[in-house]
Amino acid sequence: MIKTAIIGASGYTGAELARLLAQHPQFSLCDLFVSAQSQDAGKKLSELYGRLQGEVELVLQPLAEDALGTLADNYDAVFLATPHQASHDWMPQLTAGRAVIFDLSGAFRLKDKQVFEQYYGFGHQHSALLDNAVYGLADWHQQAISTASLIAVPGCYPTASLTALKPLQQAGLLDSQHWPVINAVSGVSGAGRKATLNSSFCEVSLQPYGVLGHRHQPEISAELGAPVIFTPHLGNFKRGILATITVKVAPGTDTEQVDKAYQQAYGNNPLVRLRQSWPKIDEVAGSCYCDLFWKLDPDSGYLVVASAIDNLLKGAAAQALQCANLRFNFQPQTALVQE
Amino acid sequence: MIKTAIIGASGYTGAELARLLAQHPQFSLCDLFVSAQSQDAGKKLSELYGRLQGEVELVLQPLAEDALGTLADNYDAVFLATPHQASHDWMPQLTAGRAVIFDLSGAFRLKDKQVFEQYYGFGHQHSALLDNAVYGLADWHQQAISTASLIAVPGCYPTASLTALKPLQQAGLLDSQHWPVINAVSGVSGAGRKATLNSSFCEVSLQPYGVLGHRHQPEISAELGAPVIFTPHLGNFKRGILATITVKVAPGTDTEQVDKAYQQAYGNNPLVRLRQSWPKIDEVAGSCYCDLFWKLDPDSGYLVVASAIDNLLKGAAAQALQCANLRFNFQPQTALVQE
Amino acid sequence: MIKTAIIGASGYTGAELARLLAQHPQFSLCDLFVSAQSQDAGKKLSELYGRLQGEVELVLQPLAEDALGTLADNYDAVFLATPHQASHDWMPQLTAGRAVIFDLSGAFRLKDKQVFEQYYGFGHQHSALLDNAVYGLADWHQQAISTASLIAVPGCYPTASLTALKPLQQAGLLDSQHWPVINAVSGVSGAGRKATLNSSFCEVSLQPYGVLGHRHQPEISAELGAPVIFTPHLGNFKRGILATITVKVAPGTDTEQVDKAYQQAYGNNPLVRLRQSWPKIDEVAGSCYCDLFWKLDPDSGYLVVASAIDNLLKGAAAQALQCANLRFNFQPQTALVQE
Amino acid sequence: MIKTAIIGASGYTGAELARLLAQHPQFSLCDLFVSAQSQDAGKKLSELYGRLQGEVELVLQPLAEDALGTLADNYDAVFLATPHQASHDWMPQLTAGRAVIFDLSGAFRLKDKQVFEQYYGFGHQHSALLDNAVYGLADWHQQAISTASLIAVPGCYPTASLTALKPLQQAGLLDSQHWPVINAVSGVSGAGRKATLNSSFCEVSLQPYGVLGHRHQPEISAELGAPVIFTPHLGNFKRGILATITVKVAPGTDTEQVDKAYQQAYGNNPLVRLRQSWPKIDEVAGSCYCDLFWKLDPDSGYLVVASAIDNLLKGAAAQALQCANLRFNFQPQTALVQE
């Protein structure tokens, strides 16, 4: 059994991670940590999340920030569902031990330190770790993930967007003169478990935000290797992301080529479903799948592809566990889909 | 024109008051005040509420708490959409001037100071004001309201509940051995405009709260003159309250008597609608009506009556304005229903 | 492996049954049937429910209504997620074979044929079957279920209500002069998968229905052995039921006695969770639990207990499978909770 | 007073029209008609829409389809909230009389009959009427509308999209090599008041539809004078449309030019609000405004503009009434905004 801990377990992503790990046949979820300052320290996770009663009965322990190295050395795997800056600051200590680190924050996703500082608001101090960190887009970097010691699990929007775009890019089907236009709508859980006016029930209503300046835009562009326009929206639902992506295809591209690109990329992937109709949020909410569907208008050369995931699962916790499955040599879908 | 100000205008109730007053033909909404500490001071109300752009363009002014008497003397009417304790503490000063005060807090609703302290957590210091305050259940106390100088506008749950129960009580149709059982569900706006985890989008889901201990239970009982069991719930919608009330009627009561009781109470009231079918939240949301429907099972002697209002309107701002209409001798429904 | 079929598999309950059975280690879901007239015949279930792609890939077969006996004889277990009248009419043939029948309709729940006809609109023709049918309230009738050949799985409202009320009744804690008042709110999936104006998105808003005349009222009363007032509501959510129940307790009852009654009934039951706080719909939606919490006001003698379930799971499919687990000698919670 | 009738008054748009007209100081709403086959004939509109009780008390009359000319001659204005084909078939008779016709269907919006047939599924038989019909985009065609006898009121998506795009087009700021990409999400009321599985509560969840083939795409393109990519989505809310539009601007375009284009187009328009922040659905739901906000990235030359309306009001009934205000020489915003 893989000895496992979660740091930052009290948030929405941490709680989903705990739930998934608790039912995994090969991982043994030993400890949950929260910031020592958190008023949740000392409580059971199931006190915060009533739905976990009977499923996860571990207590949230205060994290000893001055002994992270010792801590990490106690486990085979440590998942970080922590703020960007915390992950950044703690990483040198955490990676000193034997544990493989799965970081769900954004601290090690952008290789370009200048871009990082622009979008995250603080400078990156750990170049070597950043260079070694593997981008944990699990359906695409299986090889690198399987030997990594630090895995930077992608954000929810990049996962939805890249799962849709990479097969087209790989097959050379994107017109280079037109940037892909990604419109995405996320459920409110994407904002995390915290008390803010913006995420209070009465204030939530479909609305764009972070337009032409969201930090996931450079993350998507860097991984895709091409610029994109990314416009996120907040939607009036709890979980899920729908990304609707409009691209201009290379001249002469036909539907068969597009189908083939997706089939080659995901035809045998149990976690990406090539659908027969347009995906909807509720068909993926609570699941670990990414659902895809597309349509090409050969006359105009425009293609629309839609991608739907549960932002907390395939867009966070489930992808982290998929990375962990790869890293520890299990089937990637273990404990993620019914078998 | 009636010179008018709102204190506490930045909250949901205050904003609705502002909107209603801005379109009233006889009231002139002159000033909006917020706490001097509020970070909203200096902003336009429409910056907080985008939907008010073009409708209310007043700026939120910092309240000079040390000159409330002077302030109140500048207006004919002052509406308080303020915390209970603020209303309580400020009332001696505010009532010193010429303005009629419409208090939407709970500070002057409960006549029994012992009960008040038990449910509000602080002792009541202003007995004379409390004695003189008129309970602003507008459809029932028109006479008293029309000459009052301090009107304590009822809460949203009491308004929904009492509008349904008082006609039965008045007609002597309630069995005295069985307490009415009030189950009510409120939209999240009832919790006010603030950042709390409980009212954050992802946490809201139908759930009881304040069971057998909510402060509106004694308010309803006192006004009804009989004990009740009141169980509030938070519902996953923004606005509206539905109260479903189960009562045992006096032996021998028939449907005709019940119909007559409601007809006598509200047959000519443009703000209470006796419906032909069970009310639903969305049929009153955004309106100033209270909708009622009922059914009696003569065999068992049980009667179920449902009452629906918009919690921020008939349950707060519109009822306050209905009181103000009465107080200044306008038709009660002025600026509240289309005519 | 238990050979299994579902008749009426295209509805919401049928689809949930299929999903649960597909992941059960001891049941082998062989066939799904729909009415031969249904336009869904010949389609995969996952065409109707995109979320089942990759999870259930069976085709919906047209049911040969003239050969039900032969059909039933092919299976060890047959689940009926069919209209009341269909279950009623087909039952003699279906029960002629070796299959154990789990009927999720209301056809065999009410033992009193006069009451049945009043509430279901047609006379019951199969007295012997009705007499032998076991009421499948799985947490209470384990013994009888374990040997039954026809199990009438209770409706969603009775399950939520009875799980809360039976421990009090068993412990003699209910005052016999006051009828329990059950207010319940159900998600829209309770109305089934069909095109009606009432369940169309824009029409749905919290509203009572079936007041003082719903067919689940006699079902609850019969199983409880005492009259109740039951008021159902339609809520603006997809799944889940919350029942808030107000009872007068027998004179002298204290909190300890109530706690003990629930502890004795469910202290060791993995499917009923005695909560530390008021349950909310989203904490049970998608799960197979029933969540309970209560509060007694010893002064007035009134007790409020709230009960929450997923209406399609604990209130239908999961309870049917719990019955099947009991009937075939597996742990009751097998394939219903994570272990 | 302008004598007015609505044909097709039982639908969502018809009901909103009735509500707006009932409170208009210069229009006298005399009659409401529905299809003679409709089971709603003979009912009051407020029986279908409980929220209209006390506001609109007219009865839905069966339409005499064989005497439409006589009928239309009885009114100064007739509003058609009818199916496309009905509007098409009836128009010759209806336009024979003195009434000005406001058609909310799509029958007379597309001037190109070939495109019309492709997207509406039947051939257009009334070329002269089609030629004379004025496209009722009220903020842009005031002159033509003011003398028209047949006004084809635009659909909800085109209104949201064109209000955002036309100022850019007029100012010459759109790059001609890149097609505007319009992503829009509509509330479910856009599908009308009818019982379909697609619009049933449990089936609704954010999802694209009509991709690269929706009939509003040619409507937008024709009025804009340039091709567009239009991707509609169904959202999980009742009312409102949010269109998020990504365009490439002409080389060298700066923010000041964009601001100026919008200011010139709408600076004095009481029905289009140039916002200070991104619009959200709930800020326009129930109102007659169109809200706009935009951001330009000068480096990449991409501009995102968001446009929000209530689909039943500014996108249907309110725009029809705005057209009627123009046609009968009232202020365009009369009875549409508070004054």
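Note that the chains are named A, B, C and D in the order they appear, and that numbering of residues resets to 1 at the start of each chain.
Just so we're on the same page, a residue touches a chain if its C-beta (ideal position, glycine included) is under 8 Å from a C-beta of that chain, and two chains touch if they have at least 3 such contacts.
For each chain, UniProt lists the protein as follows: A, B, C, D = N-acetyl-gamma-glutamyl-phosphate reductase.
In this text, all values refer to a predicted model and were calculated from it rather than measured experimentally.
Trainee: Quick check on the contact network: minimum steps from chain B to chain C?
Mentor: Steps on the shortest route: 1.
Trainee: From chain C, which chain is the farthest off, judged by mean CA positions?
Mentor: Of all chains, D has its centre farthest from that of chain C.
Trainee: From the C-alpha centre of chain C to that of chain D, how far is it in Å?
Mentor: Between these chains, centre-to-centre, one finds 46 Å.
Trainee: Averaged over CA atoms, how far is the centre of chain A from the centre of chain C? Could you give it in whole Å?
Mentor: 37
Trainee: List, in ascending order, every residue of chain B touching at least 2 other chains.
Mentor: 236, 238, 279-280, 282-283
Trainee: Of all residues in chain B, which touch chain D in the complex?
Mentor: 22-23, 47, 49-51, 53-55, 238, 270, 273, 275-277, 279-280, 282-284, 286-287, 289, 291, 337-338
Trainee: Using the touch definition from the top, list the residues of chain C that touch chain B in their complex.
Mentor: Touching chain B: residues 177-179, 181, 183, 185, 205-209, 211-212, 227, 229, 231, 233, 235-237, 240, 242, 244, 246, 278-283, 285, 295-297, 300, 302, 304, 306 of chain C.
Trainee: Which of the residues in chain D come into contact with chain C in the complex?
Mentor: Touch residues, chain D against chain C: 12, 187-189, 193-197, 199-202, 204, 236, 238.
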